[in-house]
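Structures follow.
Next come two complexes, and both contain chain A; in the first it sits with chain B, in the second with chain C.
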Partner chain A sequence: MTTQKESTTTTAVVVQQSKAAGRLLISGGTVVALILLILFFFLMRPDTFLSFVNVRNILYQISILAIIAGAQTIVMVLGDFDLSVGATSSLAGAVTSVLLLQENGLGVALLAGLAVGLIVGLVNGILIAYLKMSAFVATLATMTSVIGLGYLVTGGTTVFGMPAEFNQLGQGRFLNIPLPVYFAVAISVLIWAGLRFTTVGRRWYAIGGNVEVARLSGVNVRFARLLAFTLAGIISAIGGILLAARLGSAAAEQGGDNTLFSVAAVFLGMTVIRSGAANLVGTMIGVAIIGVMSNGLNILGVNAYVQQVVTGLIIIAAVTLSSLKTRET
Partner chain B sequence: MRKQFKVAGALAAAAILALTGCSSSGAAGGNGGGDDDGTFKVIAFTSGNQTPVGAWWVKAVTEKAEELGWDLTMIQGDFDFQKMNPAVESAIGQGADVILDGYTDVSSIASIVTAAKDAEIPIFAMDAGTEETDAFVTNITTDQQAIVDKTVEGIGDAIGGLEGKTVMVIGHDPHAGIRYRSRLAIEAFEAAGATIAGGEIQQVTSPASGRTEALNFVADYLSANPGGLDAVWAGWDDAALGAAQALAEDESTAVVTGVDALAETIAAIEAGGNMLATIEQPWPTVLDMLVEDVEKYRETGELPSKRFVAVDVTLVTKENAADITPSDKLG
Partner chain C sequence: MTITEEEPPVVVAAPPALEAVDIVKSFDGVHALKGVRLSVQPGEIHALLGENGAGKSTLIKIVTGLYSPDSGEIRRGGETVEFANVRAAHQAGVVALYQELSIVPTISVAENVLLGEQLPSRAGIVKGRALRRRAGEQLARLQQKIPLRKLAGDLSPVQQTMVAVARALATDARVLILDEPTASLTETEIREVFAVLRALREEGVAIVYVSHRLEEVFELCDRLTIMRNGETIVTKNVADTTIDEVISTMVGRSADSLYPERGTATKDVVLTVEHLNGRRVKDVSFQAYAGEVLGIGGLAGSGRSELLRILAGAQGHKGGTITVGGVPLRRRSAVGRMLDSGVALVPEERRSQGVLLGTSIQDNIALANLGSVSRAGVVSGRQIAQMAKRGMADLQIKARSPKQTVGELSGGNQQKVVLAKMLARRPKVLLMDEPTRGIDVGTKAEIYRLIRELAAQGTAVIAVSSELPELIGMSDRILIMHEGSISGEVAAEGADDEILLSYAYGRSE
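Take a look at the complex of A and B:
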């Protein structure tokens, strides 16, 4: 009888422990995945992977994506998403570059590039918030048009030969760290603070949590949504301008792949916090996973097609974790 | 209800008769010499109209058509075969004397080839595949082996021979030309005693992000193998420029070659950095040859004697860069 009781107790403890481990895996899965990835690549290439040069290399490679994923985070906090961030970034970089080649001043060209982001973001915001289009349809449509505009602006070719002072924004270094890394950190901190400490940030989370409750609580949902898409447009434009400066050239679809990766990064980040909502810290962990994976697999000489497959699988895993967490809470 | 069926049936029959009438009246039947009314109907299509060379081709063919009095239907595919192929097939249904394919690989246009064969309309192609096929009466393109021979030799000369050297080869398999020449490059480097970085072709997954991907390939490789590259061979210029930038950022002295002779590449070669050379492909000459074949067919009904013609290319280096017209400035 006693033995049976002890056995039951032991089984209960084991079950509780495994449940706790499961919860830990679900709640901390993405962070654990990042740590495991870093450990794995470090063990595979101990002399290289965590060297200063390679860590700097990873930071440089993910800096533009971090900025664009930051923009994506803002709209995903509201429960929407923006398929046009990559196209907007490309157009902003192209407009800035073309204006510089037409011998306009750096300030004018940069402002024009940012204005591109502002306009595309505003159009998205109006379509979604005021004309009630779904974010998917609206941003898919603007993405298509913006890519077309990109081809018109660049004449279907790659524009290059911008002044050195512009290229410095993407290629210059401070304390041996590339400038885009500083820009990415600064923008990320601003987005994080904006989401966490400002009224509008809280309103965005309220809308993302329950739009009806937010409306009944007095939140101007339409304006908040317009503001989110506009800001996302401007931040995407910053990413695109920096990408053009980093490559020393601009083309119509130069930053196109950043759309998919930014959504993936935000999804990965949504698994980091208990509520399963989009959040900036999580997004940056997602960006880090994508960057570490790409760099590590390149270093190991893994085929680019395999890398794509692995990236897709990780996104599926992250979304699954995210949905499991939502069910838990 | 029965009456409605009868009306619908009559309408359907009328439509079929009208469509049959349309297609049969227009089909040229491969006789050359144009239609009964003397107009020479040409369908031209390209999937690559959004590239600088593709855009030039559209413009150049349109100008040639005006000059030679062709009745031209130009179809621009935007890399969207689901859109382009039915549009071309529809044009074939309305009849033509000749079809021109610009820069669209034979593997992507099987339905067009079938429709053209059924209508007995010959397809004259340029840069539409890397080997002879019975899909085209002729395909004039550039000599892939010459591209590889010249770039590999250029790299060898620049780095003091290839024996024992490490070379990265960057390709993009979905593009038939790049796929073919990348493999030839691997063979040539290995035959010359060089080691291929990573052991295989580094595949760019999307041409739109080709420069960034190539930049990352090289940067990551150099992170893992400091000073470990002697050269990078890229299948096209955009990737070559990304590789050159990564090498410059690493302060490496390794050299890079590309293919395309874009203005940006030529400027980089002239600047004297890591960008060693590129390849000029003489597209205006190729188009002239193709138009000559078409005109001969129009006048005599005689088809070209060769189904596949490979034209020589020029290696663009610092010495001759100033004399080359960039491929993105042709139009």
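Take a look at the complex of A and C:
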């Protein structure tokens, strides 16, 4: 990072270089871990793991998580987090599916699903930004209610039998690649650009850096926070709708796993950059680690419960790395 | 720094309850204490006085075991002691009560009084009745009737003070250190506290009393010790001195050549404040003119910072009007709107309020100027870099590049980044809270010059400072605040510290 123009004294250069090397080791750790994982599974299953079909499979499997982790990244840039993203995505998928089963048009059903995300996001935003609740309490509460609403909407069952044109959104392919992969890439690029190149993104990062500094620099902190949670809600809804389309069915808790995995992915991603802030590229590396791990362990025939255990360990490793880095700076 | 020119004011019979001898303490190479002496007798109320930054709180932290001194020794009842931590000091009978009262609001009065003590219990179950009896005894010593089962948080401020004192006594404190104990109390409550302290003096407790309220000191205390710049200047019997003498001793020398020539203020009113009220601000009215540097003085807690924060939109206000450049402002203001109106604040705490430490110089500067470096919500990296380069050149910020992280810069350069951020808004009114705190002398002079240049260009600069020489040196006109109101106005030219301090202590003449 600090390799442009160095100070004149040689000692300073040496110190900086060794510091930079240390940083690389810590910050590169997560990327190195991903490469090692891929290498490991490749060596274990050289014939299948890196085949086109399996790579496509991995991408397909992680596309929904990628979208929801993108939503989580936005709120975590502000230093908050959102426990309701999974529940929101499930409810959005359920509402869309049920409306389709009641023979509403595709457009209406999709808009209703997105509206679910908008509303849950707005409620989160109002509770946290304007009523000053902690993000933990507020999103835990909305998560609980939203899951309940999901059961009400689906009648506690798994609903299925939606029209093919809807399922196509999650199951169709373009150039032999599943459509959700394109959606995930498009949404990720939009979030990345939004965080990086817009005034809103700058404000979000400033709030995450230091709320008081942001406020005293004229940032409308409450509105920025409301906007972040609202966007997270809408993006989660997109993820949930695509999940319902991919599965061809909807249930109240089918996106639930994605909540914790999304937080894990963002945490992993925070270890990738020097400042230790949430960032989209890092999040996607985190998503890839989770995806590769789960796919690879599957191929090796490892029990799904073991996968869950390993994922937890990875989160611990990531957070430890993260805190090491904050201590360093 | 010994003080042996005069006779020791108190006839020393018993060894001092607490003695600090030649205490030296430095932080990061800066001497906070340079050989301080303090001696407190049993049965004495001893005032410890000095301006902010004189070293009082460092000294208190050392004698209560929070810091360890670099050299020098502490004696308790004539014996040299070393306190490894606060608990060790407690056990030796030295207890300090701080401004923010040290009670736990969510537990009962009785539990608070015996907090940190071995509670009466059997098999881990606390015996409630014994607990209340023991706590009640302590409160009775203070002639206090406070319901023992009540939550401490529900008590009035004076009752909370009493509970804190009772707790100190429960640990058998023989030396009680009180830091601004009356700051939040009313006149009658202060009487009550004084009565209790006098009773404790009769019991032989040594009391160190830190306060900015000199009238109280003269009413209550037996002796006083004055500190300045990390040194003890003098210890005297209160009866042998006067408030005015104490003030001039606290102040010491004055200005030098750090400050640029004063300018000529115009008669164009830029800012008009009328009957402004808010937290810690009471009915403040004043005007600021284009081209002038208006200093605001007063003691810590007098409402100076709050006044600036209200003007900057960082804190709400309850009444009154603010008019900038002839335009009255809406009642509910936010920082963004005040910036748009031309009022910018360089806040008091640079690291926690001024800059994003982990972010680059250019992104810090851009943060308050996102509107002018973006189009339709999309920021332009080129414009951000240009703005940063301009600011860095204008203010002579020393850094490798605009992309360098602000946390890596010196305090002075960080302060210049905050200034650059706000100056890019081209403010009509620039508010600065402690503009040179924690900055080396060279950069201080640069900041004073910058302030003067800004004024010359027609900005009204309003600067709060705790340092009197700075206040006099950099300002054209000085307002002094006392307990939320403006207690005096003086021209900086020819002003002296004593006038400023008299106003700051609310002594109108």
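Please note the rule applied: the second predicted complex is superposed on the first by the 306 of 329 C-alpha atoms of A that agree within 3 Å, B and C clash if a C-alpha of one lies under 4 Å from a C-alpha of the other, contacts with A are read in each partner's own complex, and residues count from 1 in each chain.
Convention: a contact is a pair of C-beta atoms (placed from the backbone, for glycine too) under 8 Å apart; a residue touches a chain by one contact, two chains touch by 3 or more.
Everything numeric here is computed off the predicted structure, so don't read it as measured data.
Partners chain B and chain C, once the complexes are superposed on chain A, both fit on it without clashing. When the two complexes are overlaid on their common chain A, residue A:Ser275 makes contact with chain C while staying clear of chain B. The partner that reaches more residues of chain A, of the two candidates chain B and chain C, is B.
In the superposition on chain A, contact of A:Ala206 is made with chain C only, not with chain B. When both complexes are overlaid on chain A, the residue A:Phe197 reaches chain C alone and has no touch with chain B. In the superposition on chain A, A:Val219 makes contact with chain C only, while chain B stays out of contact range. Across the superposed structures, the minimum distance from chain B to chain C, using CA atoms, reads 8 Å. Within chain A, no residue touches chain B in one complex and chain C in the other.
Interface of chain A with chain C (complex): residues 4-5, 7, 197-200, 202-203, 205-206, 209-210, 212-220, 275-277, 329. Residue ranges on chain C touching chain A, taken from their complex, read 312, 314, 334-336, 338-339, 345, 347, 352-359, 363, 366-368, 370-371, 374, 377-379, 400-401, 407, 421. Note for the complex: chain A touches chain B at residues 45, 48, 51, 53-54, 57, 60-61, 151, 155-158, 160-161, 171, 243, 247-249, 251-257, 294-295, 298-299, 301, 303-305, 308.
Here chain B touches chain A in the complex through residues 50-52, 55, 198-200, 202-206, 208-209, 211-213, 215-217, 219-221, 223-224, 226, 238, 241-242, 245, 249, 262-264, 267, 328, going by the rule given at the top.
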